[in-house]
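In what comes next, subunit A is part of two complexes: it sits with subunit B in the first one and with subunit C in the second one.
For the complex of A and B:
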């Protein structure tokens, strides 16, 4: 939003494989991703598309071996992260890059009070510089920011005494206490009920708006992403296939996979007669096709899909990895959409 | 009443917990399904929707109330009656992987119900099983595979095939697509919708927290909150003009996958109260934006009948027409 010269996060040409007994599994293939300060981006895809592996591996959270990063670079405000020592990466995680996950209970220690865990985390984030009293004050301030009712009382509660929505608020407070440059939210509302999910999404949208939070929100649900993010990248089989402003994804989805995903969704306020399903299944990533990884399931596949596919720009800030847009007539079609 | 395929009357399911307290998982639920009808049961965790489904098949014992399946009294059924009942009524669960025996081929899994309940054996049995699996989109090369060799969507098809091979009249589906990806969910929903044409007598009780899925599949919907049905009616009407504030809040909380067409948000504060300690009066009054002091916190509402088979459990249900519309 402010300084457009240095992106908060820049992932370039990032590839990752897993060495397995069956061969080399090409989990992430040449992914590019740029996130500017204050931007909230959704990363959407189905199970196994690599969305979680990508965001974890970028910050050294995927054990190597079995994983192996074969190419690329990851820079956080211009600083290269790949190749940093474990110790240096530990300084980045939690402080510069914070993460929240799907199941908040798993990430809280059941035998310590909420307050103790927050204070410990905040002191660790400060490198031991913050005193207990300072950490406590900041913890209470953060709990207030995430609208946890009765922060003073909850400070003394154990995780099991809190509901799922409240636990997620605690983790968001913990993650944001260090004022991280980037928040990774990996399916933060998937384990929550719809009305509670709506509350957490409201909170996240508010944090993005008011605190200028820069965020990647991973989800399998385009609807969830639409509540918070201004941009969305769609992943399929280890590749980003479309990257667009959120409205464009719904108004003019351009990759056949994105179109398929949207056509497969039932709608709560519209009668739908038939849902389109995507025939076939994911390609075998032990022997991935050289060209478009979606081609085998794509109704519009043609000869050019067998060769590696680059991104084409089809609108302002709207890129798609599909050869269809080289053909003049489809280009026009996309815009009529 | 006798024409209903499933009839649930004043069903209570209470679970005792420590120090004499009782969790009122299901509290006075009345619901009936006509033959061939698909009814959605929607609610958040702890609303009791799954308990209703399990009680219908007597996988959980009811505390009070009556359940009839096609005229058969489920609660009074003995050993023999139960065996007949389980043939008539089948259930499909959320996680197909944990519902299939990992050491049985899928052919064997589907055959088992037939072996236990019919005299089909040998080639006739084999053919019937193969026919069923093929109808569910699983070609013969799959039939000798084990569950771990199949994808989630394929496993859920096996579960549906296993349920349908006994030609039940009633199918209880407990979140059958929640564990699946959207593109696979679309396939399973397609299979279930096609069943409505190919088996016109098959009655489905579809339990889900996903309102979009209910809208796609169901004729009628019943919305549950803390063990009670708070609103019931034809799905298009309930979703188009919700009359209970909880229904409205639920509908407006759904993340809609489009940049436009969002109903105005009705925000709920707080969490669902514990079913061990249900609020007095209307159970929803602690979170309700239109609750009136002196009414909702003291008097429990009675179901208010509305037009065309609709009803809502709210003191103000007949005053909210249009006012709460999504």
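For the complex of A and C:
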């Protein structure tokens, strides 16, 4: 049915606004993303740039209102998702598209047993077809797969009886039980201790390998992304500004914002220090600039940056939304530091 | 769990002692000669003095308090001047009616309040939400006493839908006394008709008693549901494809109900106090009416006894609520 040329996920021209008391907040602007089967892509950018909103809204997880999708299309293996009913989207979530989130402390329900929550999720993923016993068996199998010690016992535990790392393993088991076509991991290690972070990243890398997962991994941290992903999309103020293979991002970062991210990262495995080195602040998304959203902070900004900026291809699979790559003279400017 | 119950029962005794001190003090600083009251208006001065000596009214207040405590410990609640009977007997007669009424009222408040609070949250800012909130605001703003009068005037007098008051009609037979609660006794007696009549008599007073509690439960439950529906674990449940009914009725409600429970306990106390007013309006022969009549004739022993009994009922309810809390929330359960 789906040949290898059909992308697992294709987001085209996706824009979303929040209708707020102060006006229309242009949170996501004309985003394009393509994910091929088996690909693990990182999505990086500083806090508030729209990573979570983008990956949740695409699957109907951002309440509307206040959000409103103003343009675009989201297809999963060729099937359009925007405009689907709540019920149809529910059939997609969990089963085809799984998510794991940042804070394992808050994403499990405190008053239900781990086992109950796993069984509920697995039965929902199966569209109600799995019996309780089947769901239970699969849940225990998954807990084993994520290397949770003593699965039978944890099955009867409540979330507060587990450590953060254990809870994240439970959430990963829950997300992957249905063998989803796509996994969205939204900063799955940010809230964990460094040693636990490493264990969870190892587990994720193992699962990506074993299960042939197609994944988007969200992070502030290029170092984390580099451990699991082969490609990176860099997001700034609601727009993707650069999309490239991971090596290219480290070897030839092209967008001035990406260059700033890397400059703030002396060692690729050290976390980004909240962009301390790039002066200025995010543009006002209630009245976003028409041209490049990074212009106010960009040392290389020039007249052409005031008009809308499209993607340019600067290498194999390497695209960048920056006017520096149009003309011979500005191309030289692009790599000056 | 058992430790918690024992600890709380111990605490209850301390609190009841405190309550006894307060009511006893109030009764004894109130104007009027207790000996004269006890002896009755027609008694001669000698008879009054005789009563004073017999009942210990001539002793200092602290001594009398300990005598009173001694009586309480023996289950002797004193004698009512008004009915001329032992207070304990009066209470045994009137308490079941009040319990029946208050249990019916709290059931109404909970059975309607929780679903309405949930619906208001689910329909946030839509017409249904506005309607439910209007009910909640009016229920909170109207005094029980006035509410009772209005219900009685409109639904009983004008529309003749409900009886004006009492527990049963004049010609209805009272079922043999088992619990003293007529609905239950009638059902035990295999007489659902009388049970229904008794329930029908309680509708208006129960509405008056329950509306303020209903309003409070709606408000708290709505606010908690809104908060809980925005929590991360709800997002995760939705991300798993779990349907809205299970999310609302189980994942969210089981969390939102915890603060609501605390409110229910508090409101139950208000309801117990409210019986003093509402039973009067509906001429409902419970301890509330008994206490109100006693108050009018400065008949202190019944008032003190009713206060202690309602206080104990309030404390027991709150213990039950804390146990329910522990049952619902594993984090609380682990602490006790």
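Here is the rule we use: the second predicted complex is superposed on the first by the 313 of 337 C-alpha atoms of A that agree within 3 Å, B and C clash if a C-alpha of one lies under 4 Å from a C-alpha of the other, contacts with A are read in each partner's own complex, and residues count from 1 in each chain.
Please note the rule applied: contacts are C-beta pairs under 8 Å (C-beta built on N, C-alpha and C of every residue); 3 or more make two chains touch, one makes a residue touch a chain.
Everything numeric here is computed off the predicted structure, so don't read it as measured data.
Novice: Touching A:211, do we find subunit B (first), subunit C (second), both, or neither?
Specialist: A:211 sits against neither subunit B nor subunit C.
Novice: Give one of first, second, both or neither to describe whether A:61 is in contact with subunit B, with subunit C, with both, or with none.
Specialist: second
Novice: On the A-aligned overlay, A:202 touches which partner chain: subunit B = first, subunit C = second, or both, or neither?
Specialist: first
Novice: Check whether A:88 is in contact with subunit B, with subunit C, with both or with neither, and answer first, second, both or neither.
Specialist: Neither partner.
Novice: Of subunit B and subunit C, which one contacts the greater number of residues in subunit A?
Specialist: Comparing subunit B with subunit C, the partner touching more subunit A residues is B.
Novice: In the overlaid three-chain picture, which partner chain does A:299 touch, first (subunit B) or second (subunit C), both, or neither?
Specialist: The answer is neither, since A:299 touches no partner chain.
Novice: On the A-aligned overlay, A:160 touches which partner chain: subunit B = first, subunit C = second, or both, or neither?
Specialist: second
Novice: If you stack the two complexes on chain A, which partner ends up touching A:220: first (subunit B), second (subunit C), both, or neither?
Specialist: In the superposition, A:220 touches subunit B alone.
Novice: With both complexes superposed on chain A, which partner does A:246 reach: first (subunit B), second (subunit C), both or neither?
Specialist: After superposition on chain A, A:246 lies in contact with subunit B alone.
Novice: Okay, in this complex, where on subunit B does subunit A touch?
Specialist: 44-45, 151, 181-187, 189-190, 193, 209, 211-213, 215-216, 236, 239-240, 249-259, 261, 263, 265, 267-272, 326
Novice: Which part of subunit A faces subunit B closely enough to touch in the complex?
Specialist: Within the complex, subunit A contacts subunit B at residues 46-47, 149, 163, 165-166, 193-199, 201-202, 220-224, 226-227, 246-247, 250-251, 260-272, 274-278, 281.
Novice: Which stretch or stretches of subunit A touch subunit C in the complex?
Specialist: Listed in rising order, the residues of subunit A that touch subunit C are 56, 59, 61, 86, 90-95, 98-99, 101, 103, 106-112, 117, 120-121, 124-125, 158, 160-161, 171, 174-175.
Novice: Where on subunit C is subunit A touching in the complex?
Specialist: Touching subunit A: residues 231-233, 235-244, 246, 250-251, 254-255, 328-331, 334 of subunit C.
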